[in-house]
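So that you can tell them apart, the chains are marked A, B, C and D in the order they are listed, and the count of residues begins at 1 in each.
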């Protein structure tokens, strides 16, 4: 593989990032490099908890999905990325107008890729890291994915 | 506290479960007992990944939120439940028409409550456990929640 | 593979369980079935923390190693089990005279096996579950293990 | 509290680090600053697995204990640190002659402190990061610790 992502590949990843549940939630890609992916969401009423904070589930979704695409920047086009497991610590409640997620690769094995995601809450005058997570991903051939429906 | 939840408390929990992000996603409460909470979601296009499975983020949201309410069945009315962290393993891809989550309390400390959630994928002819998670929760006085906006 | 473990295989697993760091710590196998492994340790001064409880590291070691052998009961003889990651919650401090660990398989994939371990603290008059953990394991061909030294 | 640790406090932490199970295993403190703790172990036969790698349990013990002391550098003298839970990813097998662990504080809440530990395997010509972990700790008054024996 090339050292740099092609413009074509970046465009694909940017568009592919934002489908299904992710599009429904309102997340989008912000920055794409080899081994790094950043995303953003403008938060609204649909993202809140009963106590008016941003829901932990949205933060977890953002952390997992962005980590998957950070891994996706490293593999060839016939490979898909599955999440084996993730673990997320919620450091502070989030209540700002925008969340940003930064996902980086911690270790790239042949099959198992480990990523770390940090989510930042952008408030009126400052930002705060509100979660830190570790995501264990697996690189799988695209043609083997269908077999997993069993 | 009483051994059994009052009908009033159950009605409150059922309604309170389904607000903000959770209502937006389409989750609802199914069964409520002391130390146990079950929930359901009818899955659709808005819940999918780029590969047409149910998104891990939705499964994680369901696992976390339902675990929080399992803890919420144990505490008095002036207490709120915060998620400190959770860890989720995805055991099989989910692709059925409905997901159900069952959350149970593993340990109830004075402040720290540990829950376990299992999510089941209901397919045409059978169901499969698709995730298992452990959620660490903290019981906090409702009037201290506002102070957390800093 | 057979439905039951042969006596020869059980004897091998019992002996193999207790080598190197595990023997040094004083752990030993207690019960071996397909998909289930139990272990024990008589605790002493060498297992304590500065506050005179049993050290979390010993409980984690027991949880991981016993889970690995629960997985080892499922695979053929040319397969080795590696820990990809684990997560452990400490529910109560341990201070009794013996710890027992029970590890069970939650999900058996082709390569990825997920196990759950519970550790119990045996005190004078009763026992308490002191930790619960989830362990993600990978089945690897024995002849590929050496290649991992890089 | 002061911005810097006093020599007296550093000496106490260095000595206190290495007791009970930790002394038995052979770990010792290497570097102590506010919010940072590093430790080392010279590995030998007693630290191995059946496959002759360094045991994951030892790496986990090192990660947890060193993280606890990184938190311990931040609190006043009447406070003790308990591990609520930790999660560790094993990135590569370890087989070198020495392990070093570096633990840093990710977030310092009033009660809940989150740390990250990285363990490095020192081999003949180079070193490799072999694990990454996240540890959730709780600051507790020393005089409340005894009450936890129940």
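As a convention for this text, contacts are C-beta pairs under 8 Å (C-beta built on N, C-alpha and C of every residue); 3 or more make two chains touch, one makes a residue touch a chain.
None of these values were measured; they are calculated from a predicted model.
S.K.: Between chain pairs A-C and B-C, which one is joined by a greater number of C-beta pairs in contact?
M.R.: By the number of C-beta pairs in contact, the winner is B-C.
S.K.: Please report how far chain C has to rotate so that its Cα atoms sit on those of chain D, a copy of the same sequence, as a value between 0 and 180° in steps of 5.
M.R.: C-alpha superposition angle, chain C on chain D: 180 degrees.
S.K.: Determine the centre-to-centre distance between chain C and chain D, using the mean Cα coordinates as centres, and give it in whole Å.
M.R.: Taking the mean C-alpha position of each chain, the two centres sit 22 Å apart.
S.K.: How big is the gap, in whole Å, between where the Cα atoms of chain B centre and where those of chain C centre?
M.R.: That pair's centroid distance is 29 Å.
S.K.: Averaging over Cα atoms per chain, report the distance between chain A and chain C in Å.
M.R.: Computed value for the inter-centroid distance: 33 Å.
S.K.: What are the residue numbers in chain C that touch two or more other chains?
M.R.: 84-85, 87, 89, 92, 134, 136, in rising order.
S.K.: Where on chain D does chain C make contact in their complex?
M.R.: Touching chain C: residues 16, 19-22, 24-25, 45-51, 54-58, 60-62, 64-65, 80, 82-90, 92-93, 95, 145, 148-149 of chain D.
S.K.: Chain D touches which residues of chain B in the complex?
M.R.: Residues in contact with chain D: 84-85, 87, 111-112, 134, 136, 138.
S.K.: Write out the stretch or stretches of chain C touching chain B in their complex.
M.R.: Touch list, chain C to chain B: 87, 89, 91-92, 106-107, 109, 114, 116, 129, 132, 134, 136.
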